[in-house]
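Here the chain labels run A, B, C, D and E in written order, and each chain numbers its own residues starting at 1.
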Amino acid sequence: MSSGNSSGNIYVDRRRLVRAAGVLGASALAGCSGTSGGDDGGSGSDGSSNGDDTESGDGSSGSQVYDTTMVSATNNGVPANMHLNPIATQNYDDIVGAHVFERFVAYNFETQEFEMVGLEDWSVDGETFTLTIREDLNWDNGEPVTAQDLVTQFRLEEKTSGAIWDFAESVEAGEDDKTVVFELEEETNPLLLKHAIGSQSDRIYAYSPVYEEYLDQDAAEVQQFAWEEDVVGNGSFSFESKSEQAWTLTRNEEYYNADNVNFTELQILQRADNSALQQGMRGGELDAMSSMFAPPNIANSMPDHVQEINTPAKWGYGIVFNHEHEHFGKQNVRQAIAHVVNRENVAQNAGPRTKAVPDAVTAIAVDDQERWLGDDMDRFETYGPSASQTDAAAELLRDAGYTKTDGVWEDENGESISAQYATPSGWTDWTTATNTVVDQLNAFGFDFEIDSKPISDFYGGYIEGNFGVGAFYWLPGGARSSFPFYPLRWEMLCPDIDGGHAFPTGEKTIPAMDGSGEMTINPLEEIREITSMTSDDEATDVIRRVAWHHNQTLPFVAVTEKQEQTWISGQNFNTPEEDNPNLGIKWASQWLPRVGEFTASGN
Amino acid sequence: MSRARDTADAETDAEPLIAAEDVEVHFEKEQGILELFDDPDVVKAVDGISVAIEENDVLALVGESGCGKTTLGKTIIGLQQPTGGAIKYRGRDIWETKAGNTDLSFKDVRSSLQIIHQDPGSSLNPNRRIVETLAEPIRLTHPDITAGERRERIHSLLERVGMTPAHDFASRYPHQLSGGEKQRVALARALLMNPDVILADEAISALDVSLRVEMMDLMLDLQSEFNTSFVFVSHDLSNARYFAEHGDGRVGVMYLGNLVEVGPPERLIADPQHPYTEVLRWATPNLSLDATEASDPPMRKIDIPDPVNPPSGCRFHTRCPEARETCTRLQPELEEFSDLEASSDRADSSRSHRVACFRSEPDHQYWESSAIED
Amino acid sequence: MTTTSERLHRSNDAVEDPILEVKNASVTFDDGETYVLDDVTFSIERNEILGVVGESGSGKSMLASALLDAIPAPGHLSGEVLYHPDQHTTVDILEFTDDELMEYRWADVSMVFQGAMSSFNPTMKVGAHFQDTLKAHNESVPDGMEFAREILSDLYLDPERVLDSYPHELSGGMQQRALIALSLLLEPEVLVMDEPTAALDLLMQRSILLLLEDIKEKYDVTMVFITHDLPLVASLADRMAVMYAFELIEAGPRDRIIGESAHPYTRALLNSTPNIDAPLEEMQPIPGKSPAPVNVPTGCSYADRCPLATETCTRDAPSFDQVEDEHTVACHHWQQAREEIALSFAGGDEAGRSTGGERR
Amino acid sequence: MGHYYLRRTARMFVTVFLVASLSFGLIRLLPGGPFSLLRANLLRQGVPASEVDARIANLQNIRPDAPLWEQYADYMLAAGQGDFGTSIALGEPVSRIIAQAVPWTVFIVLVSTVLIFVFGILLGAIQAYWEGSRFDQLVSGVSVTLMSVPFYVVAVLALFVFAYQFGWFPTAGTVGVGVETGVNMAFFTSALHHAALPIFSYTITGIGGQALAMRGNSIQVLGNDYVEVARLRGLSDSRIATRYVARNAILPLYTGFLLLLGFRLGGTVILEQIFSYPGLGYYMWSALESNDYPLMMGTFLVITVALVIGVYIADLTYGMIDPRISRGESDAY
Amino acid sequence: MPTEADENENVSWRSDSGVSADVTRWERADEFFEERIRKPAIVAWADRRTRIGLLILGIYLGMALIAVFDLYRAPSTNQATQLAGPFQSWDYPLGTTMSGVDLLSLIIHSTPDILLMIIAGSVWATGVAVLVGTLAGYKGGVVDRVLMSISDVVMAIPGLPLVIILAVTFNPKNPIVLGILININYWAGLGRSLRSQVLTIREDSYVEASRTMGVSTPRILQKDIIPNLMPYVTVNFVFAARYVVFASIGLFFLGVLPYSAQNWGVTLNYAYSGGALFTWEAAHWLIFPMIAIMGLSLGLILLGQGMDRVFNPRVRTRLAENSESTRTKTDAAMTEDH
């Protein structure tokens, strides 16, 4: 190996070597000596080793393509039961789809900016939203991806209430083959439009010859269509086959960035169990895996050549209240709880390193708080991120008419603040967090009992409003959660549980942001106004007001935010430096190969 | 107590204590769907037997294995429901009483009829000490006496049946007793119920020969003391004779569900009328030196026929050395043996000698029919 | 022939052509101090039927097992068991190697246990037991089975039916006869039968006994018949031996044992037996209980039950006295016994004038 | 005789019918509708609520709102024809999923149960033969220890050591990637290779109990007269050991064999989870997690039917194996 | 033999007049203690397996008592440093979990619930089995057929899947309910085999004798039938208990059962997902609960193996009265000939 960008490259996995040698045959030696060109993003060319490897010679304008298999895994289900129709209700394996279908744009969590991918450009102009497809984006059968394909896709999504249709009125092909134009219902905040198609899972998939027929049918038809054969994709890999055990994808030679991909095959194994994934990474079975949680001791035990990449999930453990509950309907009680909970402590227990703690308790993700709240951030109540502020909590409770007897807080009727604290069984990091939270709260004088329920039961209880307090995620998750419009609105409506927490959304009077007097706010009305605000400044102001409202009234108590871990192994591949900006795009395991940052090292 | 009531009710005294009236016990083998239309396999364990037992009576039933003597015994004491005929206790049908159709309490009937089993090994609950086993009948008959008194009674009865020191035996488990001792405990258990009748079902057969007389003596002693009747079931004619003769009772000989001869032991032994009784007599060992030499058996086959399909006519005809053609067709009735000596005290049913064989009727067609050739 | 004690000589010299001799056989359990067979010495004459009588727990089953050197596991057999295949050969079976023992058993001396049901493998047909035995001794199976059918017929059994049945499909009497046939399969010289008929009714017992006599004649076999039922064996045996408390106490020709028994125990045993012809009053139980193996009294073990017991009896163990030819007894007072204890049945020696032993 | 088979067969069908009805009722008891979890999952993936509702509405091809008895009738009629409906989560006919899962589960359960029996009987018989010996004591100790280890503990450890640490065995799946299903060496080898650890952990924890049972039975049989008589008859030790002792000692274990099979079938829910082995238990668990009623009922019913058939076979054959049982009254277990 | 003296006593055992009770309550209590407690205890203790089993179970009982009386602090998050190793500090001798819970206190405070669960489950399983088995076996007829048909069906339902469905349905938290739930259909197979044993026992003469005396059916079952089933019942009680341990912990491990209860299985689950299987620094987190599980089942099995002797009157008398060797030897001699 040349220049050695990663110490991991020193190690040669015997198994892999054999596999490579098997095909390279007699030229294995030559390959070894001459791979210097393979590691730097495909820029170098090396003709010395591809004598009998005609395949690689064909597709990649002279650059070396190794007969190497990249191995990753899916935990979505048995491949034989899964398919590649992204619009289907169920059993679409998005982990595989991400390799097969190109995305529109990519949101970089580092830079907090969108990067163009399948689109060359997007623009908002009054009541039109125009998308321009990359000129060289082709289906893997060689046909170009056209505006017609996208129009078909969006029209189908209209039937299934795709996100963009919250704002759009119609979609048509633009002037040329590569332009798509939405007519909007009204002038709309561009960020909302961009987030509507900019999530990691929004893909360009509707190959017209396959999907056209569904335009005239009910939505159910296309939602039940399982695309398992003759899948036509446009991503860096093409669907080859699937079995009980694995998906097999091959390098897509028609891909515009095919040069970046210098290996022939991508295998995606079926692994149900998280430990299986961890061990797969540890033992060298897997080369990359996205969104795989590993506790610190496991992470520390990974070989050196395994690289961990963290990206915020915009999702995490929070406390949800039933706002109609006799105790938790009281703002003071909620605030007391927020004060008592030591968020750092919870993060430490539930997953050190992978759990971030918000400074301000409001519905804005950790990394986005500074950007959106700016100078006002200091005004926000922190509720003590790394301490149990029991004095403050005690004062709040006393103000609300509670007294502490024998270490337990009681109301006027002598009843303790007791409740079953709901938590989903099976999510172990959550149950750990719940244990910690409940321990803290009970130590302070609440009377909680943990009520762990199977997942559907857990949701059921919330949806029916049949709870007092419990664990629930306080951010909806995904790239769009980085735009506070979404999480702020989400905390109030909480569609995941049909608003089962009964948060009152009318006009309210709360302490003023500047610490003097009071202010009146109708948070839901105000947040709605953002949809039509085209300027960021305008929106920022609204966001701060609503965020302040959340900070004071606490629809939820934000406790931690999850960092998602992606793992790549440098055992057989060249991996990027830790500060490579590409690592901010999810998921590194899917993104890096297509940008040439994850290339076969050839040994 | 049944006894107390009996004296008050003079009328019932006229009835025998137990009367079996034409009793049949047929066991039907379980039938399946495919055999619904076949004739069911029926074992006629007891087939039309009438016999009466008086107060303080002894009836010894003898016969070989499978002749139905145990079934008859159990039917007499109400453990086995007859499929035909009736068992009457002091004139009331036992099974009607159980169903609540008579003026007697079944509880009284039940406690009046007791049993001693053959196998000493299983006659006592291995997990209960003797005192516990014997406390059970007292609990039933005298529910309100104190534990101390109960123990007192148990000890004195144990001494009475010859198990001394009583307190030592009382605290033992059955496996710490010899076979004879177990049978004594079983006897004591039965006696504690103050029964009217005890069925001794081969109660001494499993004991050593040398212990049998002792056990029989004990039973007989207690019989007179307790005013109890015995139904004594045995395959050994000499035991039956000993017991019946001492108890002043009768011996009944059974063969394949039928009573073939019944009478006072001394007459039955001295002058057996039925060929089968002869066979049993032959089978009984005799110590007289001149009789010890085994002679050929007075029968034609060793094995008893299958009771599922018993022979027609006289059931013994397949083995009977005297059988003639008539025997294969006609079944002889159990009738008074017309003997001058016997007819004189005919009124006393317990002294009568009855037999079911054509040979006891001098002018029966049997004598005309031809002999059977094997 | 070497002898180790005087007793041995005296009790034995009656037999002229012994086929089996047991000398000073003892069986101990546990510590070696618990005797369940205590220094027993006797002989079996060729072609006789020897009846061994004793109460339950008198050690008679041990004696039977000793003849095949088959004492169950924790027990230990000492002494000598001499086998004379013919008049001039003598072997001590206790010296046999395992292979020799295997050959000796069943082929030379075979055995019938009490409870035929438990002697057959419940999951094998009766016929298979015969075949197994033949194969084990390298005999020709067809010939052997032919012979088996013959024996079965001789025992009044339907050979085909019996051989093709599972044990539980046969009645008790049939099983017992099948077992006797199995024991005769290899034409043994000696057949040891331990309570072979105890579980059967009298009629069947007598029938089998009758058949045994025929068998003995036909197959030229010596029989040892062990039972607690003295009258039963009396009709069959040529010679009888009486055991009491793990010891042999009297032996002699059948007629002498029955008619002129010398030991008080034998006489009491005879008198305690229900007998069809004897006057009822004459049947008396033997008072008391026989001793357990650990506390066999010193002196005569019968002393504490014996009406004639004197101080001598409780002090000294009696040695064998010769009553007459071939009739020996181990009792200090046997002459007195014959005078004072009357036999109750017809044909008993002094039947007429007896008043019987006291009933206590 | 004949009627017994008829009656027993009828009883089997009645049992299956009742169990099917029971499973129908049981599964109706489960909390939450079949879609609540799907809904939550989609919502969590960031799919907007309106779209989720629309997608779910399109899935309502079953009749969850029909009266219960109609659902019951539908279910029973269809089940009678081997049609368990379509899996909600996987969108495939349940029967097809089960058909591909059953062979693997049956393979693991059958092989491990047979192994348990073979080894357990061998060990137990040897122990009984040398009762009290050092070997006996050692094996007894090991047996008792193995009995106190749950199979899933062994499974987890075996997976860690032999699959992850040493890499001797695969960590998941039924056959290797790219191995063609069919009658060929590569397939069998790969299948065996994948099944080795599950079978191992199932077997090792079961042998102990079986060995102890066999030991106890054998010692009991050894005490029987017929063994002593056979020895006196001069039969060789091996003949006595096999035909007289082993056979009679194994008989009582025979019905346990099939009961054990049932326990093992149930245990696959945990085992297949650990080894990511897509058999019946694996699908049952995943169905349960996603409230996939049809798939859950299907797997449950198939496991049950397998068990009922097992017991049925035990009943029918026991009479043939043990001549003492007259077939008319054999209730083997 | 009966003597004159006896007869002169005028057969007091027949009279209805009371004889002074010479057995005091104390004597009866003493006898009860002797027969029901001391002798069984001696027999139990005489067996090495039972002894070890009892010792092991004693340890668990001790832990349960410590937990119940709060003699050792309750587990709580952040009571110690996270993932401290075992045997390094007296404050948390077995080390701590990733959320800083003292592992020893976790194990100790899990014990009461687990013991309750085990007892409930095995009492339920054996209790119902004994009830069904004896009733069906003793009564016969329609009762028998109905009960056996029911157990046929119940038996045909595979245990673990059924328990999973029930657990998800009812989400039981009470350890007693949980124990019963896990063994919900365990009784069926056991009931069947008990029934066939009852069929044998009811043929024994002493049962018929009791019937002849007019002893009530419940009392016959209680005194004559069930005591003879006890060795078998005890062994199966232990097996049922072991099944509760294995199944419950397996299900906790799988995440089917509610997490709120402190339970070794839950701890195992946390440890497993916390990577304890794969790294030494967390291994103790997995190892100690495993030891707790296996120790408990080992204790149960050993106890079960030895316990059948307690119910065997022969063993009991031999061991409890070995001073009276005479009697025992008589016993041995008595069995020798038959």
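Operating definition for what follows: a contact is a pair of C-beta atoms (placed from the backbone, for glycine too) under 8 Å apart; a residue touches a chain by one contact, two chains touch by 3 or more.
No experiment lies behind these values; they were computed from the predicted model shown.
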Chain A and chain D share contacts with E
Weigh C-D against B-E on C-beta contact pairs and write down the one with more.
B-E
Nearest whole angstrom, what separates the Cα centre of chain A from the Cα centre of chain C?
95
Chain centres from averaged Cα atoms put chain D and chain E apart, in whole Å, by 27
Between chain B and chain D, centroid-to-centroid distance (C-alpha), Å
56
In angstrom, rounded to a whole number, how far apart do the mean CA points of chain A and chain E lie?
52
What positions in chain E touch 2 or more of the other chains?
1, 168, 171, 272, 277-278, 330, 334, 338
Please set out, as single numbers or ranges, the residues of chain B touching at least two other chains.
178-179
Would you please write down the residue numbers of chain C that are in contact with two or more other chains?
56-57
Given the complex with chain E, which residues does chain B contribute to the contact?
77, 79, 107, 110-111, 113-115, 117-119, 121-129, 133, 136-137, 140, 142, 145-149, 151-154, 156-157, 159-162, 172-176, 178-179, 186, 189-190, 192-194, 218, 221, 225-226
Could you pull out which chain D residues touch chain A in their complex?
31-32, 36-40, 42-46, 48-51, 53-56, 58-59, 88-92, 97, 100, 160, 163-165, 167, 171-178, 273-274, 276, 278, 282, 286, 289, 291
Can you list the chain A residues touching chain D in their complex?
77-78, 80-81, 89-91, 94, 159-163, 166, 199, 201, 218-220, 223-224, 226, 243-246, 248, 267, 269-273, 276, 279-280, 282-283, 285, 315, 454-457, 459-460, 463, 473, 476-478, 480-481, 495-496
Which bits of chain E are touching chain A when the two form their complex?
76-78, 82-83, 98-100, 168, 171, 173, 255-260, 269-270, 272-279, 281-282
Chain A residues within the chain E interface of the complex:
274-275, 278-279, 282, 294-295, 297-298, 300-301, 345, 348-350, 352, 423, 425-426, 428-429, 431-432, 435-436, 439-440, 443, 449-454, 457
